[in-house]
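Presented sequentially are two complexes of subunit A, the first with subunit B as partner and the second with subunit C.
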Partner chain A sequence: MNPILFWLFAAIAVVSSLFVVTKRSPMANALALALVMTALAGLFAGLSAPFLFIIQILVYTGAVVVLIIFVIMLLNLRPEELKLQALQKGKFFASAVVALALTGLVLRLVSAEGSTPPAAVPASFGTVEAIADELFTTYLLPFEVVSFILLVGIIGAVVVAKRGE
Partner chain B sequence: MGEITTGHYVALSVVLFFIGSVGVLGRKNAITVLMSVELMLNAVNLALLAFSRQWGNHAGQMLAFFVIAVAAVEAAVGLAILVAIFRLRETTNLDDMSTLNE
Partner chain C sequence: MNPTMEWIVSAGRAALIWLVQLQLIPILIWFERKVSAYMQDRTGPNRAHILGIRLAGVIHNIADVLKLFFKEDVTPPGVRKFYYLLAPFMAMMIALMTFAVIPFADTLKLGSLEIPMQVFSHNVGMLWIFAIGSFGIFGIVFAGWGANSKFSLLGGIRSSAQLISYELTLSLSVIGLIMIFGTLQLNEIVRGQGGLLFGFLPMWGIVLQPLGAVLFITSVIAETNRNPFDLPEAESEIVGYHVEYSSVKFALFFMAEYVNIVVASGVMTSLFFGGYGIPFLPTEKLIEHAQPVLLGFLAAHVILPAILLVPCRRWSKRLKQLYTDARRIEADFLSAVLVLMALGGLGGIAFFSLNPLSGYGPNIVAAIVQFATFSAKLTFFGFFFVWVRWTLPRFRYDQLMDLGWKLMLPLSLVNIFITGLVLLLVDSLK
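And then the complex of A and B:
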């Protein structure tokens, strides 16, 4: 992947994910999340995964984030409620310090030095055709299980969110 | 700026994962916590795709595909539960949802 594009997408992803966890308004969080998802889709495209690039935009930016925004507007939170939910300073900083320490530790393990750019892959790698080939042969059972999970999820969401009598 | 290696992608994935974990642990708004979980799942997907590319093997992409499918279900059910709780309690504050540990 072009280094400039990588750093651009990485910067967008990191900055907007910081907005996701620090901004007070849920709506600002959701819009920042859409930006993270889109930047990640760009990175997926650079990783020879055109199929997942499309799926990421369709499912995450198009469906999950929009669903979250729907729910935020549906709940109609009052400003004083949101003020109550401002960052809990102590808890937030404690988890931030722990996360920072763990990030440092893991980054030492996966430091970019010494790893080489991956070898070239055939042009068909990650295309819809190649993914479909594997999905409907090797991964047929997980595929069917996931479609069942989706069905259960649809019914479950309707039942749970339905207004009771 | 040198060439971009698999290590760069994995490092970015680690950073995003822990940013998401701060949101899960430190925030009180249930919707934001749900969004942070989605962020963590996406960070893992990035690592999966980076390793998939490194080994020229589709297994990582397949796993990422299934993660996306299950994450979509999780978001739908999670938000449905939030709507149900909001009807009952008029709040999305996680600290007010502590009936089970009282």
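And then the complex of A and C:
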């Protein structure tokens, strides 16, 4: 991947993820989240993962963030309704622990992989065909289990929504 | 190919599809006005003219553009300015980007050089259309929410709910086709449609997947927010998400709608109507027979204007009786153009009979013929959208949601299931 593009996408991703947590308006948060997801997709595109690139846009930017902005639009909160809440101590510690653990994990990965140059990947790596092959042969059971869990989620949502009637 | 050449070719292709898309906007608007007029027993626009040239109302578009650009650009107080200004640009940009994967001719082979005739020829193909298409909701939501008005908010909510609902059917309805051709690459799907079924029927998507085609066409009309699914704009009940926009900002939404139609017709053509392919004439044969095809093309260039010249002369006489001003000369001007076209065609025939095509000539001719075929199909389906709009009445909102979720979504799942069964059967018979 072209280093200029890599740093550009990386910078966009980091700066917008800061916006996600610091901006006050929920729509700004959602827009920043969309930017993070799109920048990550750009990184995938450059790192020989074309399928992941398109799915990242399709699922995260196109579906998840769209759902979030749709809900924000439905609620249509006024600025005065958005009160600042002080961060509770418990939540603060929980977030800190998670953040530290994640940083440790990333550092561990970088120190393990950093010295060895990455091996060249085969041309078919990350294409739709290669991923489909793996998904529907080696990982068929996990795939089916995940789809079943999603089905349970959908039915659960319907049950919760219909309970009042 | 050296990198500079590659850049130039890529930029050329990108410029070409932008030009095609933007050029089709005035033609579609003209269709819209004239078709609606004739369907309602009116004449439609026929006044605006440049030096007497009216071109049956096409010139009206120029007047429209001037009006939209010179109108006062109002930004209502109380809007959420950033989103309000971002929305029209997002709508337009996203509409223009989607076209990138649609092939407008087969890969042009010049010796060892292969130029794919689509901007983004990656094997993710179809997924790109869905991915970028799902971005389209951002423009609508930001417009509806950013304008901070109840009407545009309601319009935005209805519109985005509709887009989200029909996107499901849209993507599920093409899965059958992808299963048959075994690829997401649109160029390969189009090439696959060049084959023949039972030896005589062109393997167009609509022949292989009639149900899929109907579902796709219906949901793509819903996705472009056109009648009978034009609830976002439903003038009589509610005003749409772009109610607070004026002048160029409104024009961008308006243009984005037509660009969306162009994209939708492009996808429809490529998936279900053979794309750039001419039935019974796959690319290899086209290159082989480039000479007669070219001569036939040029002959049409002579014969059609010659035929049109007769009514044009009659019209000229009528115009001379009717008008005393510049409009008198319109028919004469058109006749001159027709004569020039015919002469050009004759010259072309003379030139190419004396110097038969050689070298890369046939390949280039084949690409041009395919591009012309694609443009013709694209324009026809643009017309189809207009035709549907002025024929059918609008759905009610609950009917729209019922149709999308309770009828079309299950049908598209059934379609996938049946396609899978048939494919298995065909495989086991082999």
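Here, the second predicted complex is superposed on the first by the 125 of 165 C-alpha atoms of A that agree within 3 Å, B and C clash if a C-alpha of one lies under 4 Å from a C-alpha of the other, contacts with A are read in each partner's own complex, and residues count from 1 in each chain.
Here, contacts are C-beta pairs under 8 Å (C-beta built on N, C-alpha and C of every residue); 3 or more make two chains touch, one makes a residue touch a chain.
As the structure is a computational prediction, the values presented were derived from the model and not from experiment.
Once the two complexes are laid over each other on the shared chain, residue contacts for A:Ser17 go to subunit B alone; subunit C is not touched. When the shared chain is aligned, no partner comes close enough to touch A:Leu140: not subunit B, not subunit C.
In the superposition on chain A, A:Val128 makes contact with subunit C only, not with subunit B.
In the superposed model, A:Ile155 makes contact with neither subunit B nor subunit C. Between subunit B and subunit C, B contacts the larger number of subunit A residues. When the shared chain is aligned, subunit B and subunit C each come close enough to touch A:Ile55. Of the two partner chains placed by superposition, subunit B and subunit C are both touched by A:Leu74. In the superposition on chain A, contact of A:Val66 is made with subunit C only, not with subunit B. Annotation: subunit A residues 51, 55, 63, 67, 72, 74 touch subunit B in one complex and subunit C in the other.
Taken together, the subunit B residues at the contact with subunit A in this complex read 1-12, 14-16, 18-23, 25-29, 31-32, 34-36, 38-39, 42, 45-46, 49-50, 52-56, 58, 61-62, 64-66, 68-77, 79-84, 86-87, 91-93. For subunit A in complex with subunit C, the touching residues are 27, 31, 34, 50-51, 53-55, 57-58, 61-63, 66-67, 69-70, 72-74, 76, 127-129.
Interface residues of subunit A facing subunit B in the complex, by the touch rule stated above, are 1-4, 6-7, 10, 13-14, 17-18, 20-21, 26, 29-30, 33, 36-37, 40, 43-44, 46-49, 51-52, 55-56, 59-60, 63-64, 67-68, 71-72, 74-75, 77, 81-82, 84-85, 87-88, 91-96, 98-100, 102-103, 106-107, 110-119, 121, 125-126, 130-131, 134-135, 138-139, 142, 146, 149-150, 152-154, 156-158, 160-161, 163.
Residues 80, 83, 122-124, 127-128, 130-135, 137-138, 141, 144-145, 153, 156-157, 160-161, 164, 184 of subunit C touch subunit A in their complex.
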